[in-house]
């Protein structure tokens, strides 16, 4: 089940330390300009090693398009993209080969599949999110043509909350932080965790502007439902809120309802979704990431023979996965909206008649 | 897109005030005892009019099985269930016919589809969740055979949190509350909202015990991802947390990681899921419901001609939808786990050889 | 897997002698006039007992719409339809309860599911095709709005081939025959089989006119591929040809290629499909049905205890299932084309821009 | 819609003259030995340039596995395979750039997508079938573990039918012919067509032995239905027969029914499928291929400006595509059966209890 989406479909492959990772994006309408530099730029935003706040693992993450475009445009056929792994053989994994790292998928994959690729987490590594970002970039290109823009940034780290949201600032912040005033304290928290060989969690605020009214397929493919699946499926995500989320559930109905006026909604507590369908307002969600399970303190665990042991991780790891999660959240938002935009085309006879007019 | 699940599949139909609502459950393995009284019992737990805390709307919610069973057992063919609406013609909807109730799907459905069934919310009514509960009951019967039990209860209302969780108490509490000591305060909050013609939100804690290790299909059909979709798709849900959820994102990695011992996990911050796959521990999630948008205070809105107006709702409505959401959360958990149990059967050659041994 | 289609989706339920059969049609665009009399009329065309050429089983096949329409129009929500079985208890099945009728699904269902509903074939009965016809009627209503018309008729019975095709004649022929001159010989062949307690096979020619260019989703959801699945999935179907079919495979390429002219294709050997996509010409297919396996001669078989025995069927059966297959072929053609029409809406950016123009 | 299968899923990409073609095989159970040499061997059987009967186009068709295996075994994660195109730039396509080759997808792709990759047919080229063969080889490896073997051969060319079927002979015949005595006449027909700048059609007989009883998911994912979709989706296929196919439809029911005995079925007219489910006998199908549309005689057609013209194709083409279709038919049979084997695992509670026994 390595396919995301019903009509705009991303299928991915690849392990952290295999030959390559990549994806096939199927269902892209023909005639879309495929800007390769833009796609590469999105991957560059996600790639590790960009600051002291993220893992030192070096990957050029150079993406190559193998199919689906012709003379710079999508042709309606599957767009395959591949990123060959360069850091593939640089590590010795014998120390974790036979044990289950706490907080990781080691234990569950080993039990589910009866074997596992232990090199850097194999398929369960966050490295896989590069393929999501590549696919998400194509989705963004399509959405842009419809006037939809997706943006995200760090809204909380280690319990330190942002007060103001500046999505332009996030683009240049090394933490991808939304609030310039809070950013220093958040950075300090990450560095402190790093120095104490520990890790911290955080949250990403992600939004889409310009979303047409009507996206979302009730009842079991609602926009908010599928956004939740999209975000919770990212490595280390533990909670998803739509709009005001939990806060909305602690106020009275009279406070939470968004009044409807000629100029649009008077407030946006709903996060741009009513009844599972976009209402034309800004679509917003908050995605919560747990602290990186990879820490450099001693931990208790089992090995594959069922023996208890204490182990201490070595290597390079993000002290706060939420940071690189920002770009991945954008990608998942874009993939979901692109799918919904295509699915919604069958909503009414009026649309069919427009398309099939002779 | 009114189908939930890939292999254990629920397809539902029906509007709040149409002739009937119902569902087809496809993919149920043959040879399962289909206990009709149990299914009816689940519907009775959800149905309105059971206490002064829920809507006074009267529906017997009598379910009838039309197909898929023979001599009390499932036959491997689709199980269709229907509930005929009895309260169908009792209301005059002319007052809301031409306006968009704030917080409801009226505005989005009307824009998406170009028309809408305004009677009681039509398809977007919470009445539809009865069909989910019927399907969920079949899923529970199947899961029971595998040793899996699902339970849920109210963990917060109007910001008043439960401290202890007693799932047996929830079965008898009219609030379906988990904490007997907090229940009175929570009930009072609901009643207070009701008296002031307003509404309150709340949260449901839902869990499954006895879940085999290995359920969840990475990467885009992870257990936690699909649970999120399942829960966020319920009417009025605004946030989903897995395991410790947001709290997990505010502690250090060394505190959040669950140590692995011979006796199992030393803690369960993860909520029973690692890498999107069940780890054998109790699967837990928290589902947050906004306050019912149907309130009896004057609100500003638009009508279908685009004119602003103030309106005051009349009729019968739950002051706190989270209460009846408890049974629906159980149903969605069960449907998701049943689907995952079937999907996981192809995980390794060992399973194929067991099934196809000659 | 009782769902047909990806976007225009038919999910069916019901056994031959259970309480009811029926379907949910999901994905119907909102704003379509749902003509109930037309749907009933289609069911009447299929129902048994209309002439001495089909089974004497009496079923009124009265269809009731339970949901998905409002004030005569589709609302974009699932359209559920139910047909209650009237002939439900009229038979004693003790004679076939424990044996496997040759040529039927008894043996395979019993082995696959470990049990079976032996009453009249249960789910595997051709009675289920009534639900396809109901769903197909909705598809036809949608296609009609796009200028597409579907028709079918008997083109061969017992090896006796039609020479000319008159689809209007088929509508009134009791054999649903296409060729008025050949019809008498074909009827005689059916009657002869019936008198000798045997059965005959036949073929249906089905076509769609007015199909827009571009329907079909390469590479694994081509129009011809999905039509084949649709037709071969009908009870008793054993072969499917597209366009000239086998004949096309016995001539030279220079004879088979359809030359393209300003006025359209100079011939239509292809059956209106090139590369899996409709080419604007008439879409044609031939569907072959085996002789009814239910015959009244003695046959050798096994019982569920593995013992050999000879048995002689009793009851009422079609001597030639192809006849009633005509209406079912039309339904499957319509369902496939309706799905393809919706799927094709995402083919190019031009369509998205039309739909999402602001 | 470039994905085939529901559980054992093949997703392919690539154009005839793009950088690469390839596939992702998802849903392969973990622990399967992935024999790369075997996969390459299957590709070698399909590749062009092996005899004077097929196209002279040279492609080494060297396949590279990028993911999904570890230490020689499948890991349960997606297996990506890529074949880089070598013959990519060797042609000048300016002569067909602006015209629609009769019998090809040029006309329909151009109309559907608004543009097209004209180099060698782009995505619609039979070159794509190499990706099917790669995926099919993995399916065969899995099926082999369950005792299932797939084989195929040419049963008719240019109207010249084989009388006897020798599947071992087909493995060494340059025509992949089933009948050693008829082979010379069939080869002569191909050569004659080639010399006259024309092409011929043919038919492939494909079968699977050792298929367990119970494969096939009624009602809309029957084994025969999905085999038909699989075969008809191959380039140039125009008809599919299951078992005796059309012949079965021309005899009496008493002749066509397969009697059931203690030793199994007394005959196999059904082709191993009853009610859409495998009955334990040999599964057989016949797939009909039209004559290659690429011929070297002058043909009338249109260009993209809508002007009529006459053109004469140049280049290298198979005079009979059915020959290389043999290996592709095997692949599609294997992919379908592998999918069905996984899907059937949820058929009865007995299987679930075997897998989830604690």
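Labels for the chains are A, B, C and D, by order of writing; each one numbers its residues from 1.
Quick note on the criterion: a contact is a pair of C-beta atoms (placed from the backbone, for glycine too) under 8 Å apart; a residue touches a chain by one contact, two chains touch by 3 or more.
Predicted, not measured: the structure shown is a model, and the values here were computed from it.
Q: From the centre of chain A, which other chain's Cα mean sits the farthest off?
A: Most distant chain from chain A: C.
Q: Can you spot which of C-D, B-C or A-D is a repeat of the A-B interface, where more than half the contact pairs line up?
A: Copy of the A-B interface among the listed pairs: C-D.
Q: When the C-alpha atoms of chain A and chain D are each averaged to a single point, how far apart are the two points in Å?
A: Those two chain centres are 37 Å apart.
Q: Report, in whole Å, the distance between the mean C-alpha point of chain C and the mean C-alpha point of chain D.
A: Centre-to-centre distance between chain C and chain D: 26 Å.
Q: State, to the nearest whole Å, the distance from the C-alpha centre of chain B to the C-alpha centre of chain D.
A: 44
Q: Which residues belonging to chain B are in contact with no fewer than two other chains?
A: 1-3, 6, 12, 27, 30-31, 76-77, 109, 112-114, 123, 218, 343, 347-348, 350
Q: Going by the contact rule set out above, which residues of chain A touch chain D in the complex?
A: Where chain A meets chain D, its residues are 1-3, 9, 11-15, 18-22, 24, 26-27, 30-31, 64-68, 70-71, 73, 75-80, 82, 109, 112-117, 122-123.
Q: Quick check: in the complex, which residue numbers of chain A touch chain C?
A: Touch list, chain A to chain C: 6-8, 27, 29-32, 76-77, 142, 145-147, 212, 218, 341-343, 345-356, 358.
Q: Quick check on the complex: what are the chain C residues that touch chain D?
A: Within the complex, chain C contacts chain D at residues 1-4, 6, 10, 12, 100, 102-105, 107-109, 111-114, 123-124, 128, 156, 158-159, 193, 198-203, 213-214, 216-222, 224-233, 235, 237-246, 248-254, 256-262, 266, 270-271, 273-280, 288-295, 297, 299-302, 306, 308, 322, 343-344, 347-348, 350.
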